[in-house]
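The structures come next, written out as structure tokens.
You will see chain A twice below: alongside chain B first, and alongside chain C after that.
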Partner chain A sequence: MSTSSRQPAGSTEMRRRRDERSRQPDRRQTLYGGSLRTLAIATVVMIGLALGLAFFYAPEEATEGFLQRIFYLHVPLAIVCLAGFVAAGAMAIMHLRTRDPRWDLRSYVAIHMSLIFGIGVLICGSIWAKGSWGHWWVWSEPTLVSFLIIILLYATYQPLRFSIEDPERQARYASVFAITAGAFVPLNFIAVRLSTAYLHPRVLGSSKLPGPMAFTFLISLIAFALLYITLWRFEMTAKHARWQLKALRRKLSGEEIPARRRSAEPELGASSGSSSAPLGEPALTTPMIGRQAP
Partner chain B sequence: MSVQAAQRQGAEAPGAQPRHPPRLRAVVLALLRKELLVELRTLESVPGMALFSLSTFVVFHFALNRNSVQGDLAAGILLVTLLFAGMLGINRLFVADEEQGGFDALLLAPVDRSAMLIAKVCALGIYLVVLEIVAVPAFALLLLGSSLANALPDLIGVLALVDLGLAVIGTFVAALAVRTRARDLIGPLIALPLLVPIAIGGSRACSPLLSSGHHGGVGGAPGLRWLLLIGLYDLVFGLIAYAVFDFLLED
Partner chain C sequence: MPLKEAVGYVAAAYIAVFLIVLIYVAIMSVRVRRVERELADLRDSADAREEAS
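What follows is the complex of A and B.
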């Protein structure tokens, strides 16, 4: 009883707020990427600094020589990639808790970025392996193998999304997958590490890095984390801009909302916006989607 | 036919409303009974799995060109065969519920949805045990070089843990994949990477049992850490599956 009487009040409240926002067009509101430029500049500076340090400041490693410097690219990239997978799992938990499609989008983009980083890790790891061990791929190497397994698992994320048509269920199942896989990341590392003798350089383990190396490593870790965040926000911005454009175009041409094409991409307007908004004004819901959740 | 038991539960619901909802154990037992009854009447999964494992042994014999295997190789063949035969059962696990309304019946019934997870895990575990009752003796007969008699108690322990992990992860993945369009593809694709730790632990633990120098007892006992690894993995994944399973059954 009480919920049904509260329902219309809630929706008018929402509409009022929406009107308020649409009356004062703010660039940050409409395009989400308000601080993107600052972030991008900071990333470029940090990457430049990290590369400079790696090439000119860090001391030459005694046994491996120049090749060892790939360490400042490979290890931060791997750490950021795995952290991104775990973060995507946390975002998926938020999605299942709040049922807010924005969290699903964040999780989707985070997994997307981490997959790209992960392929980069595999490639530069292979180069390093070829250089120092003489083989492109070493099975006795637990970190390599567990990384490959994780990438293989996450490679099924997009096919899974793609083969579920209903957007709401697609988002829900994808979140369940992201949570499970996010928990699998550390578990898998433990399991594979147990299975073979240690061969991989344990940079963060028992052996202590000398000061300049540790400093360079720290700087490049920060640089790649910034790169990840920048790319993540950039993709979010691009998606929002595209949806906004689509919504505006739809509004201008005055067409009915077209049938959703098959896609692995999360759709924001589909489950939350268009069902509550009247058919004529779906464009008003999309611009606000990019705002950070309160 | 597959949903009769579950529908009976649903049909009882209006009459049972004044009473408190049925206890979890009763629901799990009812669902498990339904699963086993359906399997007994249709014989859809288990005979196929057993037959598949036999043909896989034959294929391994020709592919490896060996008359008998031991140690690591034997453990690997046994584990891979069980894994792939299990995959057949995993693919079929929820199909009847999806096509004939078992999910809807469960959602209509006033019961905890986790009951379905537990019942399916038990059902899949029972299928796997039946599969192994056929496959392990066949393996010993066809391929294994050493005698199985001494190693049997330890092997049963290892396989029990492997079955548990396979059942938990398999049920979870099957529930995730059954409502997708390409379920026969998506299921194994997700399940195999998730099962890698089980495969590692299982094959490492089996390998000393299946080598010729093994005489039972502590000497060639499966490394405790592998058993610990599988057990821990089973436990963690059981908890994860229990936590997120409800979200898979929501509509």
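What follows is the complex of A and C.
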């Protein structure tokens, strides 16, 4: 039965109340607090600044010319993506240490975000490769192939979660995966760096990058790191709110905890065995509007 | 590479990445709106129950 059909006052009354509420600015409900909005504004400003610097401030590179400006998008995006995978591994360690399902959720969202960034890296990298080398993909290039291997490795994370029905076991196995794969990321990076074939342009860690280019790159890196953090927090807030909504609905209807639908998503109340006050959080009497997901 | 051709590649790369981010944000926004709507319905339901009691 839907919530609206249980409504004794009827749907017209409900609509009237909603209209009334929306007219009251102090009661306007958003699921995100002021800090997420500030973070989002800072991200937009930094991305604008990074784009401005990349196109109007950074000098043109001698060999690649204008095409080299993809560098300010591709490389920071790749660094943030890989750092996100490593961070997800660290969060998974925290999950195994504390058994707190919120760490599993954090790790899950970090991997999800890194995968989205990774797809962006592969697409813009391919476009750069086509412009620079004349091919969309070069299989003999170790950096490209190793990055693809990492993305394919993490692409198995969701199916792995989905294949395990028991939520606690799913969270534990997913954490082990996140730690192992997270450790593989820097090892893979070092291995590629040590390999003899230096086909991929190496501009970082050497004195090749002039001052204005290095500054633009740094701003771009900060901008994409902020974008990652903003989107991570946005998704965390959304997932948290959805879970709280489920718990509140159950509480209002007096229903027992329904059988968990098979899902790859972490179940926040999975290990607590209680729908009212899981995870050591206060008992859920009212929805925590505006409260930030940790 | 001629500037005109290079501009095409650079624009394609930037547009592709920002499009991915935009699609993701749009999907998440729809989900968040749905949660907000459901939350409002539940609040109304709780208010109505309170009034009835």
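Rule of thumb we're sticking to: the second predicted complex is superposed on the first by the 232 of 294 C-alpha atoms of A that agree within 3 Å, B and C clash if a C-alpha of one lies under 4 Å from a C-alpha of the other, contacts with A are read in each partner's own complex, and residues count from 1 in each chain.
By definition in this document, a residue touches a chain if its C-beta (ideal position, glycine included) is under 8 Å from a C-beta of that chain, and two chains touch if they have at least 3 such contacts.
Not measured: the values here are computed from a predicted model.
A.B. asks: With the two complexes superposed on chain A, say which partner A:S163 touches: chain B (first), chain C (second), both, or neither.
C.D. replies: Once the two structures are laid over each other on A, A:S163 reaches chain B alone.
A.B. asks: Look at the residues of chain A and decide whether chain B or chain C touches more of them.
C.D. replies: C
A.B. asks: In the superposed arrangement, which partner chain does A:F177 touch: chain B (first), chain C (second), both, or neither?
C.D. replies: In the superposed model, A:F177 contacts chain B only, not chain C.
A.B. asks: For A:A191, decide between first (touching chain B), second (touching chain C), both and neither.
C.D. replies: first
A.B. asks: I'd like to know which partner A:R249 touches here: chain B for first, chain C for second, both or neither.
C.D. replies: Only chain C is touched by A:R249; chain B is not.
A.B. asks: Identify the partner contact of A:R69: answer first if only chain B is touched, second if only chain C is, both if each is, neither if none is.
C.D. replies: Only chain C is touched by A:R69; chain B is not.
A.B. asks: Which residues, counting only chain C, touch chain A once they are in their complex?
C.D. replies: 1, 3, 5-7, 9-10, 12-14, 16-17, 20-21, 24-25, 28, 31-32, 35-36, 38-49, 51-52
A.B. asks: So in the complex, which bits of chain A are touching chain B?
C.D. replies: 96, 149-150, 152-153, 156, 159-160, 163-165, 168-169, 172-173, 175-177, 179-180, 183-184, 187-188, 190-192, 194-195
A.B. asks: For chain B, which residues count as touching chain A in their complex?
C.D. replies: Listed in rising order, the residues are 172, 176-177, 179-183, 185-186, 189-190, 192-194, 196-197, 200-201, 204, 225, 229, 233, 236, 240-241, 244, 247-248, 250-251.
A.B. asks: Residues of chain A touching chain C in their complex?
C.D. replies: 3-4, 6-9, 13-14, 17-18, 21, 29-32, 51, 64-67, 69-70, 73-74, 77, 116, 119-120, 123-124, 127-128, 130-131, 227, 231, 234-235, 237-238, 241-242, 245, 248-249, 252, 287, 289
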